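Two complexes are shown next, each including chain A; its partner changes from chain B in the first to chain C in the second.
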Partner chain A sequence: MGIILAIKKRFRFLIKLFRRKDRVRIGIYGPPNAGKTTLANRILRDWSGDIMGSPSEIPHETRRARLREGVKIEVNGKSLSIDIVDTPGIATKIDFHEFLKYGLSEEEAKRRAKEATEGVIEAIKWLDDLDGVLLVMDSTEDPFTQVNVTIVGNIEARNLPLLIVANKIDLPTASPARIKTAFPQHPVVPISALKGINIDALYKAMAEKFG
Partner chain B sequence: MPSIRQWLKSLGEIMAVQLNLISKDMLERMASMEKLRMILDSVKEGKIVVLESGLSPEEEAKLIEMTMLEIDHENFVGIEVESYPIKEKSVFSKIFGKKKGRLTVIGPANRLKTIEKQEDVIKALIKI
Partner chain C sequence: MPHRCTKCGKLYADGDMRLLQGCECGNNKFIYVPKEKRTEDLEVQVEQVKKEFERFGIESVRIIAPGQYEINLEKLFEREEIIIAIQEDGRYVIHLPSLLKKKKKD
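Moving on to the complex of A and B:
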């Protein structure tokens, strides 16, 4: 990469400071089944009354990035207008045999696997067109996965504001503290997107981080 | 001294996995695409690649993209990558974003499995 490009990329936050947008584009990222679509639905339901898509227990349910523009969030008198991008889950491997366990036919499973590979590429490409990221992690899982490390590394390399969402805290084995320990350099907000637990704290953090 | 072929033959029915240990010096001499191509080609042949100095976050993302393009759903279903999180941040890296990667292990997803990963320890199994 050329030095000029590298400098431009590095100081993107300064360029943005002088060219403040009316709206910020926020990507919802994470591994498959972390609850990205459930979170997108929660935000939309709370602030615009509709939903983004249907979540599913089958991994890679979201295989195309979905964009919803102009969602207005108001917290403590502070208003934030965002475009939400719900991205497909990022993975380093996609085996169609995994989908067979959920009762899909081989043909369906292979089609889903192919679409999922395309979705991963699309999610990575979207990183270049965002103003901030909500990285959703499943609090019941080990956060030290390569996918999480790679996503965090790429967000840091692009100087994008990042909020880590420790999701699924309604489950008995949830441990948001483990996520905080794994990524101490970034703010972590524990929530349950499904039940709406602590969701106001997330909106407050979003207003502060992305506003 | 027996050749590798003779040695492998002497193992008879015992299966073996080839490990490619790539030094930091060699990685620094290679262009990003050259590195990624070398990794992916080796992994698709069933080899385990160990990189002394790892990849940058951008290279890791590119490797995932390239992997997705090459998954054929029959013989190659993806990769398993494990590396330690990047720690140090030099003045140069802060300005130009050139973060140094740390030791990284990459293998075929159906052969390499991570058991446990901590900040400074990676435990993995290699299926033969």
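Moving on to the complex of A and C:
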């Protein structure tokens, strides 16, 4: 079995090449509360009239990856069919105390912390099955964090097409330029997933990058 | 904070009258630079991030106490198998299914 797996691994790029023809699988990644689910909802609402899940102000609301297949995006007459994977927020430390201040009981908070940890592992495992990544960052926060640096570095190592989404530009303290300064080697698209600001530019960039 | 010329990169302070006339290089487009991090600051941050990584041993997840976890992203990205460290006293749990599991998604 080991040999088969090794062969499969070696020719993964070929498998991806063939899959690319009809459909691309895009993962939405980022730290907790960056707006991943809000963005997934925005994309689905715009193109299939559906939603992915409910976002929340409490971090680690999404604790299982969610997959929606066959979402058709049309930009400038060009159509792109994508599978969207909304992943749990990636963090390096998860502490139930953080959830207590949102009014969760200790038991609920501990369960949430455990599920969030499993969620991080699940999110990372999904990377093996993707054709591209939308990395969502909160424009109001410092982008130079261990989580962001590690994700970007690993996606680069895997040669996966990467588009950085500078989210929450509707907020007064947002600074998408700071994200561009931190990761100048990648395209950065400033948007507000909540308000739908500049979302067409994102679809255009997705069609160019992943199509 | 400064405005940077998009062509030659020269910086102009906020409210500088030359912004209205255009840059010395003839360009009249400027980008607002909110709080440009000095390179030394960035280097300090890079060092901090590196130190964070060094705190971990072989484990991919460390359970400090029920409900408190530390996740070693680098190990998780690198390897399939999951090794869990319990507290900081050298106790480890090796998650065998993650070592043995055949990939189902492919």
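Assorted remarks:
Simple rule for what comes next: the second predicted complex is superposed on the first by the 191 of 211 C-alpha atoms of A that agree within 3 Å, B and C clash if a C-alpha of one lies under 4 Å from a C-alpha of the other, contacts with A are read in each partner's own complex, and residues count from 1 in each chain.
The rule is simple: a residue touches a chain if its C-beta (ideal position, glycine included) is under 8 Å from a C-beta of that chain, and two chains touch if they have at least 3 such contacts.
The structure displayed is predicted, hence computed values, not measured ones.
In the superposed model, A:H186 makes contact with neither chain B nor chain C. By the document's definition of touching, of the two partners only chain C reaches A:R178; chain B does not. Within the superposed three-chain model, A:V120 lies in touch with chain B and with chain C [touch as defined at top].
By the document's definition of touching, neither partner reaches A:K195: not chain B, not chain C. Legend: residue contacts after superposition of the two complexes on their common chain; A:E156 is shown touching chain B, with no touch to chain C.
In the superposed model, A:K204 lies in contact with neither chain B nor chain C. In the superposed model, A:R64 lies in contact with neither chain B nor chain C. Using the contact criterion defined above for the overlaid structures, shared-chain residue A:I90 touches chain B and also reaches chain C.
In the superposed pair of complexes, A:D128 makes contact with chain C only, with no contact to chain B. Residue overlap on chain A between the chain B contacts of one complex and the chain C contacts of the other covers 90-96, 110, 113-114, 117, 120-121, 124, 127, 144-146, 149-150, 154.
Interface residues of chain B facing chain A in the complex, by the touch rule stated above, are 56-58, 60-61, 64-65, 67-69, 71, 73, 77-83, 85-86, 94-97, 99, 109-110, 114, 117-119.
On chain C, the positions that touch chain A within their shared complex are 31-37, 42, 45, 49, 52-53, 60-61, 66-74, 76-77, 82, 102-103, 105-106. Contact residues on chain A toward chain C in their complex (touch as defined above): 1, 5, 8, 15, 90-97, 106, 109-110, 113-114, 116-117, 120-121, 124, 127-129, 144-147, 149-151, 154, 175, 177-178, 181.
Remark: chain A residues 3, 6-7, 9-10, 90-96, 110, 113-114, 117-118, 120-121, 124, 127, 142, 144-146, 149-150, 152-154, 156-157, 182 touch chain B in the complex.
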